[in-house]
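The first chain written gets the first letter, and so on, giving A, B and C; residue counts start at 1 in each chain.
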Amino acid sequence: MSSALAENKNSAESAFFSLHKTFLEKVKPHAELLPLNRSALGRFETLRFPDRKHEMFTFVNTKDLVTSSFSLQTENPVQSEFVRQHVYAGCEQSHLTLVDGILRPDLSDATALGTSVKIESLVEAAKSESVRNSLKISIEQENDVFASINSSFMKQGIGLRVFRNKQVGVPLQILHVSTGSGNGSVMTVPRVFVHLEPLAELKLITKYVGVKGNYFINAVQDFTVEDDAALTYTQVQADPDDAWHFSKNRILLKRNSRFFGCQASNGTRLVRHHSEARLSAPGGELELNGVSVLVEDEQAHNFIRIHHEADHCTSSQHFKNIINDRGRASFDGTVIVDKGAQLTNSGQLIDNLMLSDDGRADCKPNLMIFADDVKCAHGATVGQLDVNQLFYLKTRGLSELVAKKLLTRSFAESIIQKIPFPQVVKELNNTLLKKLEADHG
Amino acid sequence: MENKDDPISGVLDNEYKYGFVTDIESDTFAKGLNENVVRAISRKKNEPEFMLNFRLKAYKKWLTMKQPAWPNVQYPAIDFQNISYFSAPKPKKKLESLGEVDPEVLRTFEKLGIPLDEQKRLANVAVDAVFDSVSVATTHKKKLMEVGIIFCPISEAVQDYPELVEEYLGTVVPVGDNFYAALNSAVFTDGSFVYIPPDTISPMELSTYFRINTEETGQFERTLIICAENSYVSYLEGCTAPQFDTNQLHAAVVELVTQDNAEIKYSTVQNWYAGDPETGKGGIYNFVTKRGKCQGEKSKISWTQVETGSAITWKYPSCILQGDGSVGEFYSVALTNGHMQADTGTKMLHIGKDTRSSIISKGISADHSSNSYRGLVRVGKGASNARNYTQCDSMLVGDKCSAHTFPYIETGNNTLQVEHEASTSKISEEQLFYFEQRGISRENAITAIINGFCKDVFKQLPMEFAVEAQKLLTLKLENSVG
Amino acid sequence: MLEIKDLYAGFDETEILKGISLSVKKGETHAIMGPNGSGKSTLAKILSGHPSYIVTSGEVLFEGENLLDLSTEERSLAGIFMGFQYPVEIPGVNNAEFLRMAYNARQVNEGKDEVDPLDFDDILQEKMDLLSMESKYKERSCNDGFSGGEKKKNEILQMAILRPLLSVLDETDSGLDIDALRVVADGVNRLKNKDNALILITHYQRLLDHIEPDFVHVLSKGTFVKSGGKDLAHDLEAQGYDWLTPTN
């Protein structure tokens, strides 16, 4: 049995090597990016696909994913109407649409951003030495095999730069459309590089949607937030159920900079978010919040590493999962506080609401503290709806179903309300929570 | 002391205020323990047969048991043959009035802030004063009796209400429960007994004040509180001991029983002598078994403890949540300084349906001390919809102390709802500087920080004790600021 | 009001300030600018008497008195307020209660009665209205779980409550969004009058767009390398600090 598994893994790996060969021959990488592609492929060779015991994939079974035979996505047409319905109100003139990872100017409009933001292709962006270096280092030090796959196929993708002391008033939306496939599985590797110069401020919404399913979106985003800059970020995952969604967000915070992030996940057959944040200089503030609503066989997993490298930084995480039917969620998060990171304040809380007996929630909140003057807290809850509260509502004449819906909504509400974009909140109230109203038995 | 120059840890040093010895004549057994000693204790107390059998059964169990090794504390093995198992202030006959109590003993309690005589005694608190294992005075007895409440030394209860004692004694903490409980069951000499009849709210707080006086005497009190249906009582316990170079053993057992809809609130402020703060020599070994059984439906037991003394503290006030809908609570502040060691926490055993428990533990460690929280939440198969909330916070003062948390959760069904929160923080020089920059003195700053850290627990204490607990902590902080 | 004469000071064995002189009079606003590591924060900590910082030579007079003889607490009561670059979190100590402790320490020092919580609430509410702060600032523990911006606002609230003669605001603008910066600057401007004085320590010129300084001093490697009017800040922003570290 175990040798059969190993064989599967090996053949899955060779399938990816031959896919990469196709990439080199048919898709033709950019000459400037090619050394990075090769370096990433080297990382892939070292890291290899995880087995069940891999510490980064304790709760995530990737067997079905890696043994699927993938081809590279060839571009499919997208109706502009489809794009329009996924562009948030207020972002009509500040949205960028990436179809299968490739920027589509015809489906984008950035006029409202004015001259505060520079938008360029990844190749252009990588001409800057700092961007190229940061790509190079992150590829060499990559610990997530799926992110190294992204980098080994990296060709398209975009770079955003907000100039010094520019505060962008309107929210900017990046819409990722996966066109999917009617036949065999396809893989896409979107890549976005966001750079905020000192004192810059940006509000960014990323949304992932698909036209058809059966795709593996394997996205990587890099965020560099320089001194005193602030990024407000919301990520909405709304792919079809038969998609695989892997995304890695790499966040680098410099002196007194802020990153305020929220993510909402709809779940698919397998969603995995990997967030890796470094608080590299004093005064950084990081907040990561997330909510996922999972029904039927949907899964959503969070893997988080927050590294406090400097003093006087704060980080907080609050994640909530609502799990019905056979849904599965996991949270594997570690906060590392270096010896010199005195006066760190860090909090980590995961709440799971189980609505069925067959669902599953795994939590592993970890703290690794090497400094002695810090305040670190962590907590985890797994629970059902409160019988007393249900009873109370029923005594007020509410039906069991209505009372349950009300309490479930209020559970998710505290995270959803943290999203600073009313249009996204409204959408989530309509879509995410609506899922629960259908009775899945 | 070597870290005298560390201004923060210095703040927690203080001299033990209750470290005096009272010079009274006492009736003390020769050292050592055997079956004859057990029989002699029983005889001395003129006990009925069931009590002697209870003691002998416990003694036999004890002989087969070993001192527990799992707590996170270190101490040399105790020689149980080098302890005296009975010491009572003379005269030892049954006391009819306070006039018969040795005036030295009364003065002792007065020095401790517990006046026992008619004129000075506390108006709203009934006190049972226990001096070296023997109850010397119980106030307000008559007033309590008017509403049917029995509050007396347990030795008296054995004589006057043997059927109640026989029915409940050892039902919550069985004689062979653990090493020290077995020892206590064999040799206990006195303690307090409370019975609250049905439909009765106790008109005042009941209180026991323990005082260990004699060197090389083990103190083995036994407390039994029964709260019948729809009744309520709040019970307070305070402890002090004189300063000796040798270690004294305190191995008490407290049993609580609540029937349907009854509630017991049991609060402790423990300030036994902790040993020499510099050498760690002497001090009390506080090995106590406290357990309550929520026997009836919707009954409630709430433990609140403020532990500031003892060389070693080893105690886990626990709740057996047997009745459906019953509630167990544990609120604890444990302060360790000098060379103190504390391994304390609670056990919440969920047996009935819809049972709830909450645990709030605050540990403060300073100097060279070690402070561990150990908590078990066990949910049985039948305990559907059980809920637990646990919060344990540690505060470090200085960098030579340590804090540990050992939470255990054992679940037998999947309808459990658990929440666990933990944090570790430190009183830092930067915090004190911040206060001072705002014109607030260092002393006030430390008091504010410590009280802020403990307030979730302090607010559970009855008024009188909350004030005492705050004073105690402040006392530990006094003398060294500035 | 404040007279710093040829001050040498540092941290541990390291000398950071190397001969600083500064004179601040009633009603004046001084800005001290400079790159990270130039000694700006050290100056603030020296003025408030942080125990880790040591004065090796020089003199500091505050209202004619030798400031260096006073403890941190005494300096505070004498009217020196420091707005911290990283306000310290005090978990468990209610913010309103903390403010009342600080307020009462002043009352007692001035021989006045302490103020009870109810009366203090009126005083506090008035200041909070002035700074348009939400009521959560009263309910939560002091700075505990506050965002960086909230902490900075809380510093200004404390400044409003304590009415200091001299306020030293150490990088009060860092970590602030542009909107929060406006609120904070507005608060500081309201508290400014002809009888008090202000020292603004900042890395960026943008704070000085909102609080106009009378004097700007540039600190580099522990000494003032340039002093001038508010236009100096604009020049600095345009040139950056690179010119301060001449390459050989």
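The rule we apply is simple: contacts are C-beta pairs under 8 Å (C-beta built on N, C-alpha and C of every residue); 3 or more make two chains touch, one makes a residue touch a chain.
The shown structure was predicted, so the numbers you read here are calculated from the model rather than taken from an experiment.
Participant: When I count C-beta pairs in contact, which pair ends up with more: B-C or A-C?
Facilitator: When A-C is set beside B-C, the one with more contacts is B-C.
Participant: Sort the other chains by how far their Cα centres are from that of subunit A and give me the top one.
Facilitator: So the farthest one, by centre of C-alpha atoms, is B.
Participant: Roughly how far is subunit A from subunit B, going centre to centre by Cα mean, in whole Å?
Facilitator: Between these chains, centre-to-centre, one finds 51 Å.
Participant: Determine the centre-to-centre distance between subunit B and subunit C, using the mean Cα coordinates as centres, and give it in whole Å.
Facilitator: 49
Participant: Using Cα averages as centroids, what's the distance between subunit A and subunit C in whole Å?
Facilitator: Distance between chain centres: 40 Å.
Participant: Touching at least two other chains at once: which residues of subunit B meet that condition?
Facilitator: In subunit B, 425, 428, 430 touch at least two other chains.
Participant: Any chance you could list the residues of subunit A touching two or more other chains?
Facilitator: Each of 343, 375 in subunit A touches at least two other chains.
Participant: Going through subunit C residue by residue, note those that touch at least 2 other chains and give them in order.
Facilitator: 88-89, 91
Participant: Mind listing the subunit B positions that touch subunit C in their complex?
Facilitator: That would be residues 425, 428-431, 433-442, 444, 448-449, 451-455 of subunit B.
Participant: Using the touch definition from the top, list the residues of subunit C that touch subunit A in their complex.
Facilitator: By the definition above, subunit C touches subunit A via 36, 85-86, 88-89, 91, 145, 147-148, 174-178, 203-204, 206.
Participant: Under the touch definition given earlier, write down the residues of subunit A that touch subunit B in their complex.
Facilitator: 343, 349, 357, 369, 372-384, 386-387
Participant: For the complex, which residues does subunit A have touching subunit C?
Facilitator: Per the stated touch rule, the residues are 165, 167, 199, 201, 228, 230, 255-258, 282-283, 285, 312, 314, 316, 343, 345, 347, 375.
Participant: Can you check the complex and tell me which residues of subunit B touch subunit A?
Facilitator: Against subunit A, subunit B makes touches at 354, 385, 387, 396, 399, 414-426, 428, 430.
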